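Got some structures for you, see below.
In what follows, chain A forms one complex with chain B and a second complex with chain C.
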Partner chain A sequence: MIFLLSTTIMMGTPLLFGALAEVIAERTGMMVTAIEGIFLMGAWAGFVGGYLSGSLTLGFLSAMLAGLLVAALYGWICIYLKQHQVVTGVAINLLAVGLCSFLYRVIFGVPITPLTVNPLATIPIPLLSDIPLLGPILFNQTILTYIIYLLAPLSYFMLYKTSIGLTIRSAGENPEAVDVAGINVLRVRFLTVLLAGVMGGVAGAFYSIGFLGMFTTNIIGGRGWIAFAICFLGNWNPKGAVIGTLAFGFAEAIAIYMQSTGNSALFPNELFIALPYIMTIVLTVSRKSFSVPAKLGVPYVKEN
Partner chain B sequence: MMQAKLRDLLITNILAIVLGLVASGLMLLFLGKNPVNAYSVLITSVVRDGYTFADIFVKATPLMFTALAFAFTYKANLYNIGAQGQFYIGAVIAAAGSLFLQNILPGWLVLIITLLLTIVGGGLWGAFVGFVKARYNSNEFLVSMMSTYVALAIMNYLLRTFLIEGKAEYPQTDALSAAVWLPRLIPGTRLHIGFVLAVLTCVGVWVLLYKTTLGYRIRAVGYNAGAAEMSGINAKKLYILAFFISGALAGVAGFTEVNGVQHMLVQGFNPDLGAAGIGIAILANGNPIGIIFAATLFGALKVGGTIMGQMSGIPSSIIELMQGFVMVFVILSYFVRTWLENNREKRKLQKAVAK
Partner chain C sequence: METAFFELRGISKYFAKVIANQDVSFSIQRGEVLALLGENGAGKSTIMKILYGLYKADEGKLFKDGKEIKIDSPKEAMELGISMIQQHFSLVPAHTVTENIILGNVKGIIEQKLLGEEIKRLAKLYGFELNPDDYIRDLAVGVQQKVEILKALYQKTNLLIMDEPTAVLTPQEAENLMGFVKDFTAQGNSVIFITHKLKEVMSVADRIIVMRAGRVYGDIKRAETNELELSKLMIGRDLNWVNKDERQESLDQEVRLELQQVTLQEKTGVPALKDISLTLHKGEILGIAGVSGNGQQELCEIVCGALLPTKGRVLLDGEDITERKIRDRIDLGIGYVPADRSSDGMIMDMSIAENMLLKSSYDKKWQKRGFIDKQKLNQYALQEIRDYSIKAPSPETIARGLSGGNQQKVVLAREVDNGEKVIVFDQPTRGLDLGAVNHIHQVILKERAKGKSILLVSTELSEIFALSDRIAILYKGEIQGVFNSAELTTEKIGLLMAGFREGEVSNDAG
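Presenting the complex of A and B:
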């Protein structure tokens, strides 16, 4: 049980990075449908940076840079050129698959055995990690987990209690008013998309150098979309994102647990792998009241 | 006026394709390969013999179906990005149906029944998305994406259990008996009758969309759902129907791939049909006739990319790279076209004012 719960927190970490990134960007009206590609390029760049430099810190920095670049391309096309967000996202995600497998080959050739790095170690927090039950679950995690659980309340505070947050939320609800106030709507949207790219890059790198210690092109396998879904299901609110993340992290923890015990006589493994996706569908269907940002997915065109 | 638009469309699309290929070519420099050589290998190799040339159309066949699947709901302003999953469902049904019926019924009858089953199966899998959109106002884009991963899990499960080959060694089915293979169009090639089916379907979907009341209603809902409802069109019913047809189209791709090409079901085959289909649909601007040509282009990229890999040691990921770059440039070309169009309007206006 302790294993299950601590895995829940661990596997929820990248999802929360991604979901918070989506929440902030979608509040300005920008769905980041390139999230899957951002995760993937983050995982790739994190591994390449970490493997070549021998430093995981540099790995995560390269992942942030890669996420930033993908997000910049996406933001430029969708915000400044006003093209469609869903279609652009699909194109960029496909390009990301091609880019990362091609460049992996360019850098590493065809290695005989899979290349690995030592993944991020957990950092037990003194005293707190000795608390029975809660200690090993909450306070023996990687640095990323501590960071994101600090960022979650911070982003809530930022969105609802500061003028920056008000600007962000208004850009998605009533961009004309933001414009009248003399703030550049397009720039607000672009900056939040860039921020989402940086956070998504870290999330992707979690899978390659934070957890598995290696890179394959199917390493993300739809988890970017799960983060995207958590943002929807969490009602575009950091609080909802945390709850959603824990639910999805738990589903993933069960799948990992079932695979590791090989105890699949009663239920097939595939059921647990599909569980997060089934959960998303069920939750989208069962949830009635969503407060969708009014201008979500709508490009902003200034009236002359 | 119309002519200027069509001219813009052709020129910008061709430019987008060329730029996409140039960008991928520049990537080859990283490998120390000469892009000009690589592309001349690509071009000469796809026309080097009948077998390879015919393979372009073999690869284009399922792409036409998945592109139609995206384009069809797109006309109703709905986003079905789950064609990959609907394709998997179709493939599972085609393999299971053929294996089950091939020893009971004559081959041609099995083919017809299997085709109908994949239409119904893929259609229902797709219609579910339309249903939750209509009934619960769910986000169809999200649900269709998620349904792909569920379909993949179902396929993997069945391939590991009920459908696994007699030897039970790999997660794949036994080979289908030759009686239930789709007939070859040209002997000595892999080109099968599914290609004709795909082209006819493109024409059929065009007729359906532009020459029937149903098509008119679908486009009306896509143009302005509120106004369409006002004029008595039941938008919710259309959501379900549009998604049924869309899912059925993608499902048939499973039928043509299993009965026409693979002659068995293998785990994880054709993983990028759905995404490439979306690229083809936007390249063709959602036009079913345009999809025939755009799919052929993507088919040629696939065949050429594979041969490039075999002959000059270029990794086959160059295919995804080419497809991805072409897609991005095609989206940019939409921007250029709007810009050209606006400029033309402005000039017309200025001329009118000057008079």
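Presenting the complex of A and C:
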């Protein structure tokens, strides 16, 4: 049980990185549909940076840079060129798949055994990790999990209690009001998309160098989209995102647990791997009311 | 003459094809109420958006207290003490009054309580009743406007620009607003308001700038002019106004359309329409007055079949059509000119001819061997273009390229043909210039003369009074009363629109 729950927290970490990134950007009206591609390029750059330098820190930094670049491309096309957000995102995601496998081969050729790095180690926090039950679940995790413990409440505070948050929320509800208040709507949107890129890059790198220690082109396998869906299910609120993340993290943990214990005779393993995706569909359909940002997905064009 | 507070000198602004402003010069003094009068499209809003930094002028200079200034963004305008309230409010419906007022004005951590109290104090100072924690989406339009004004006051505005501020208000709310304008300017502040309503100009302005086709055609003190002179300056020619006297008396008293106790329950449980009973006779115009958003659109959509009532019946010539589909009703001869032509009335990226066929595309008359008979359609559209004097080069012209007035004429032409018995007009002249308004009014009266029954929804009282035989007032989805138009005064109708009942009204107004 403890294994299941601590794995839930571990697998939830990158999802929450992605979901919070998505919440912040979508509140300004930007559906970051390139999130899957950002995750993937983050995973790739994290691995390449980490493998070549031998430092996971440099790996994560390169992942952040890669996420930033993909997000900048997406933001530039959608915000400044005012192209369709979904179409652009899909195009960028497809580009990312091709680009990362191409660049991987350019750098490493086709290695016979997959290249590996040592993934992030868990850091038990003194005292806290000794608490029975909660300790091993919550406080024997990697550094990324501890960062997200801080980021989640911070993003909530930022969105609802600060002027920056008010600007962000207003930009997605009525960008004209923001414009009239003398704030540059396009810049607000672009900056949040860049932030989403950095956070998404870290999330992607979690899968390559934070957890598996290797890179494959299908390493993300739709988890960017799951982060996208969590934002949706969490009603564009960091609190909701946390709850949604726990649900999906748990589903992933079950899949990992079943795989590791070899209980696949009872249930086909594939079913558990599919579980998070099935959950996405079920939860998305079952949720009744949403408070969608009014101008989500709508480019801001000044009249004339 | 003392130095002007603000001055515009030789401002010109060109958009891709049109000249929006040409060589516009005028000034405003401290403590002055300036009216910017002109038809829609005369360039009033554009020139003010230039002063507010939303647009950049192509030529000309701006001055404050005699010194040249540059205003490249609303932020810079606000720093100079200029605020502008847009025609369509720039409020965030999902946020509170406080959040809306402080947007862009407060940095760092937001102290909701403290700011709320500050706003309450400010509101009290000007006699506004407001709860800072209310959500904008729950407030009436008149109150929303107060939030906009407070936003400006919060920024310590000295020059307040208001774009068509009374368009959405009841006559009483408008009067309150004018009271505020007087208080505000008495303290040495200035107000510019953009309008096309002559009455308003004469009641509150100190000086009037008349604009037409992007230029200034008059800069006159209120005391030295009159409505007739202003209207001539504004339009540039004499208009042949529709007069009540020109109308023939309604001859036919036979009932054509009847609504029996129609109720429409919204999903949230609040009735959008409550127990509405109305009769519409042959050759009659029934005006529906009310502040917008009180159930007008729902009423129209129930008549044309887009919405089905939760309770009650709709009868056409005595036949129950409550359950009939929209298409059946089109075939039965019910036409509908919706309020929002761009989203509900036409498809902007299609041609005039295609838009003409929109609601009868299934009709065999347009087909030839299973395909659209282009030639016949174009001929028909061409005829309509001539009949309605739509300014367009050909039936193939894309609707988006037409002016608002000409787009509306396209919808009108189609619906007048569809509506052989009943035509529903929802705000048929909103946002149009006087020439187009006049034309549309004449069309409506002509159709009435043919014996058609007309349901006319409008928030412009002058329009309701000019055209209607009888007037019903809608408030929060209920009929406040049905009157012959001669029975009503502006004041009485204003009170009814604000929710007072007939009994309460006749005592103090009547």
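By our rule, the second predicted complex is superposed on the first by the 303 of 304 C-alpha atoms of A that agree within 3 Å, B and C clash if a C-alpha of one lies under 4 Å from a C-alpha of the other, contacts with A are read in each partner's own complex, and residues count from 1 in each chain.
The rule is short, and it goes like this: a contact is a pair of C-beta atoms (placed from the backbone, for glycine too) under 8 Å apart; a residue touches a chain by one contact, two chains touch by 3 or more.
Everything numeric here is computed off the predicted structure, so don't read it as measured data.
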item: Touching partner for A:L52 - first (chain B), second (chain C), both, neither; value: neither
item: Touching partner for A:L69 - first (chain B), second (chain C), both, neither; value: neither
item: In the superposition, chain B vs chain C on chain A residues touched; value: B
item: Touching partner for A:W225 - first (chain B), second (chain C), both, neither; value: first
item: Touched partner set for A:A294, first chain B, second chain C, both or neither; value: second
item: Chain B versus chain C as contact partner of A:L103, first or second or both or neither; value: first
item: Which of chain B and chain C A:L212 touches, first, second, both or neither; value: neither
item: Doubly contacted residues of chain A, that is, touched by chain B and again by chain C; value: none
item: Chain C-facing residues of chain A, complex; value: 161-163, 166-167, 169-170, 173-174, 176-183, 291, 294, 302, 304
item: Chain B to chain A touching residues, read off their complex; value: 27, 30-31, 79, 81, 132, 136, 138-139, 141-143, 145-150, 152-154, 156-157, 160-161, 272, 275-276, 278-279, 282, 315, 317-325, 327-328, 330-332, 334-335
item: Of all residues in chain C, those that touch chain A in their complex; value: 15, 54-55, 73-78, 84, 86, 88, 90-95, 99-100, 102-110
item: Chain B contact footprint on chain A (complex, rising order); value: 73, 77, 81-84, 86-88, 90-99, 101-103, 105-106, 217, 221-222, 225, 228-229, 232, 268-271, 273-274, 277-278, 280-281, 284-286
